[in-house]
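Below: one structure, written as structure tokens.
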Amino acid sequence: MIQLCNIGKVYDNGAPALHDINLKIPSGDFVYITGSSGAGKSTLLRLLYCADRPSRGQILMGERNITRLRPRSVALLRREIGFVFQDFKLLNKRTVFENVALPLQVQGLAKQEIQSRVYQLLQYVGLEYKLQRKPLELSGGEQQRVAIARAMIVRPRVLLADEPTGNLDSDLAIEIMEMFTRINHEGTTVLLATHDRELLDRFPRRTIVLKGGHIVSDTLPQTAEETPSKEEAI
Amino acid sequence: MIQLCNIGKVYDNGAPALHDINLKIPSGDFVYITGSSGAGKSTLLRLLYCADRPSRGQILMGERNITRLRPRSVALLRREIGFVFQDFKLLNKRTVFENVALPLQVQGLAKQEIQSRVYQLLQYVGLEYKLQRKPLELSGGEQQRVAIARAMIVRPRVLLADEPTGNLDSDLAIEIMEMFTRINHEGTTVLLATHDRELLDRFPRRTIVLKGGHIVSDTLPQTAEETPSKEEAI
Amino acid sequence: MERLRYFLQRTLLSMRQTPLLSGATIGTVAIALMLLSFFTLIVFNVQNLTRQWSRDIQVIVYLDRIPSNSVLEQWCQEITKLPAVETVHYVSQAEAFERFRKRLGQNDDLLDGLMPEILPASLEIALREEARTQRGAEELVELLSRNSTFSDFRYGQEWLERYDAFMFLLRLTGTLAGGFLIFATLFIISNTIKLTIYARRDELEILSLIGATPFFIKAPFLAEGAFQGAIGALLALGGCHVLYYFFLKKGLAALLTTAAAQNISFLPTWMQVAVLGLGLTLGLAGSMLPLRKFVRM
Amino acid sequence: MERLRYFLQRTLLSMRQTPLLSGATIGTVAIALMLLSFFTLIVFNVQNLTRQWSRDIQVIVYLDRIPSNSVLEQWCQEITKLPAVETVHYVSQAEAFERFRKRLGQNDDLLDGLMPEILPASLEIALREEARTQRGAEELVELLSRNSTFSDFRYGQEWLERYDAFMFLLRLTGTLAGGFLIFATLFIISNTIKLTIYARRDELEILSLIGATPFFIKAPFLAEGAFQGAIGALLALGGCHVLYYFFLKKGLAALLTTAAAQNISFLPTWMQVAVLGLGLTLGLAGSMLPLRKFVRM
């Protein structure tokens, strides 16, 4: 259960990004966050990850209020959350394998287990032959898949994905979405920020539309099919 | 007129990215390059921009063979080409304005003219209110638009855009495509690497499909409508 | 256990992955510490040298009358007890005459027929090291002159003045230069480490975004800093030893036949260990500060 | 024109945009050059000091017979012509006797009744600065002894030996330390600049991707390097002057009353200009090398 109460976010330079967001996301849900460029999607996800602090309001995640956590608690919180960053945030000096293994090493798992889990997941995203490459030696889509693998490796309780298919062709995007669906069926709450209308149509889910930092609509699957057609008419 | 003869590219780590590419792109054309992730789209564009050198084969651009140019000539060539990088490659220490103005400053234009041109273009892409922001203070889509503006500011003879709409919602994507179309009508050759099937459908053009470094199809608009439906059936 | 292995592995791997950065750190530590140790080496040896030279500094008390043996013995004992005094030596009239004759060298025939008694007997008082200054000598004279039989003192005023000035200058510039050198070493090393960490700040950011605790992020960097600092210190000691051996030791021995060359020695072991420790500490502390700045979460 | 304005603007702007990096460069240049100039200052003053002291070094020729005035004059002229000789001074028997009397101080009554003729007349030959060594004195003695009337020489062998050893050590360590210091300065400054440029290598890459010529990319970096180097050098001179003024000048003047303190002086103007030039050059050259490495296109 993720709950946002009266969340507002103003960046240091004075740019307001979110206004008075109230939201409840039950555990195990699969939610799209959509909206045009600069609407505040990434900001919203980053707040849930404690990568930024809200200017006002409270965020509850499970029982915890995550608005004012100490550094160590933030670290522990993040271990339960997977995040696919819009700009990937891979370590360029380390190989694909090391990048994906990192969250497990942080948790202090045994080398053996790390190895098998990383290998398996990289196989899922089709990068098993590029284990030893550095991120800068990969194509954009490959980097994105590494980022996705890194977010999923810890079998997180919550998966936050920011535009995870922006650099993938639709076949791959669909595969990735199926992975997300699978992990969601296993109990992980998934929040997915995306522009990709094809995905919204193909995998209809609860969809939250942001505009200028406000929630302008929050629709469930049956109505989700309406929204795109309506927008296409604009 | 851009001409590629027997182009092959093998990266330093031994990864082959392109095989035996032969291609002719008349001046003023508008061409899509598509294909799944890792197919070699970015590599192809980077070769045209001399950001990488082909391992074999020759590239002719206009009258010039650009395969073995000296650094200064490379710089001069790049001034005639606009490139939207898949990962934007913005200067994080400089403002949006400075980033977009840079190619003009490189050419030594007068301050006055630079200012008006940059402002106008940023208005086109909807960022006129964020002139003084640093790239890291922008959303993903906004950064992408800065990158697009920087590529177009020099009114290039050739525009190479690598996944320029990956972080934009479809409305913005369509606006950007219209800008590309407009600049194309003014005589600029446009090469656009994209995964976005919606764009391919909405703006049908010559489409080159890459797969594993080979050209697997090269179709003109009338047949371009067939390709997506065929692939959707897979 | 897994953690420890991970940290050790990371430390070595990261030094391999960023050779430019670790090279810069090691190089800077090596050069800076070499400067510092070479300076210490010079100060150390100059001190030894001046300590030897200063043996010549003494207070001479000329005796108007020749004391009886028992009185003399008593005087010697009393004077030796004074804190500033190292030894006391009685120079009889005969001995003084003999010295004077030696001094005249070939002209000693001039003294033929003169009685040894033309020269006075004296007490030569050697000073302890800490009292070998003009002030020390004067204070001793002051003390001695309380005994009214002692009235005629000689202690090489001009030579002492010059020696004093020299020692003062030496000590002042030594302290000043040394203090400044230590400060410079600290500054330069911490500055270099700050830059190498700055160059890797995205790594720090990403690690923290991945859920790594501050300790987990910092530990490999700290280990790396300490390790590089220690390597740098070792290089510094090695380089310093080469300089010492080829220039100071060999060079001087070949060119000089004096005892001076023989007396030059390398830093004692405890100082070498101190340099090593300093390198390690600087590497560690120099990493700690910028890490605290960049790993704010 | 636009270009020039752009470069100047960029230089200043970029220093503002990366205060950590330019601060590091300026700081390192300042500290390293301060070390170097302070060292030079000390060497410079020690040289002055020893030059004064070495005035005492002289060769004394004892004369068996008293020469006639004309012969004496001729000798003086001949000796003065020798390259190693600064001045020649004739000490008559009377003068020698007077000096001896002064030396005995209160005991001068011992000489009462003695004829001045017991002491020999002599020629005191002061040496030129470059000849004030044991070797110089010996060579002069060698030359002088060709004149068979001169046979009895005195030139303070032990003092000269010690002086020689000291001067040699001073010069050796000075050259060694100075050479090493220059090397260290070069290394540390270029290393720091390399790191700051490394930290900005993405900027270099992007500029080159934008179609900037190598010159266009490098010029602002070079200007920045030179500017920062010059600022660092100015700070170094300032800091050095502060050290000099408060410690060497004031400190010594307060504690010593000798001429030594008065004779201490700051670096002459041409050396100050040289330090400034060195800072500028180091900043420029230190930027040039890593730029060449990172701006490969």
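Assorted remarks:
Note that the chains are named A, B, C and D in the order they appear, and that numbering of residues resets to 1 at the start of each chain.
FYI, a contact is a pair of C-beta atoms (placed from the backbone, for glycine too) under 8 Å apart; a residue touches a chain by one contact, two chains touch by 3 or more.
Values in this document were obtained by computation on a predicted structure and should not be read as measured data.
In terms of the stated touch criterion, the partners common to chain B and chain C are A, D, listed by label. Taking the CA centroid of chain C as reference, the farthest chain centroid is that of B. In whole angstrom, the spacing between the mean C-alpha positions of chain C and chain D is 22.
One simple way to say how far apart two chains are is to compare their mean CA positions; for chain A and chain C this gives 63 Å.
If you average the Cα atoms of chain A and of chain D, the two centres end up 67 Å apart. Viewed as a contact network, the protein chains form a single closed ring in which every chain touches exactly two others.
Two chains count as a pair here when they touch; such pairs are A-B, A-C, B-D, C-D.
The touching residues of chain A, counted against chain B in their complex, run 11, 13, 15, 34-38, 41-43, 86-87, 133, 137-142, 144-145, 162-163, 166-172, 195, 197-198, 231, 234. Interface residues of chain C facing chain A in the complex, by the touch rule stated above, are 2-3, 5-6, 14, 17-18, 202-203, 205-214, 216, 297. Residues of chain D that touch chain C in their complex: 20-21, 24, 27-28, 31-32, 34-35, 38-39, 42, 49, 53, 62, 105-107, 110, 118-120, 152, 154, 161-162, 164-166, 168-169, 172-173, 176-177, 180-181, 183-184, 187-188, 191-192, 194-196, 198-199, 243, 247-248, 251-252, 255-256, 258, 260-261.
Chain A makes touch with chain C in their complex at residues 49, 51, 71-72, 74-79, 81, 83, 85, 89-94, 102-103, 105-111, 150, 154.
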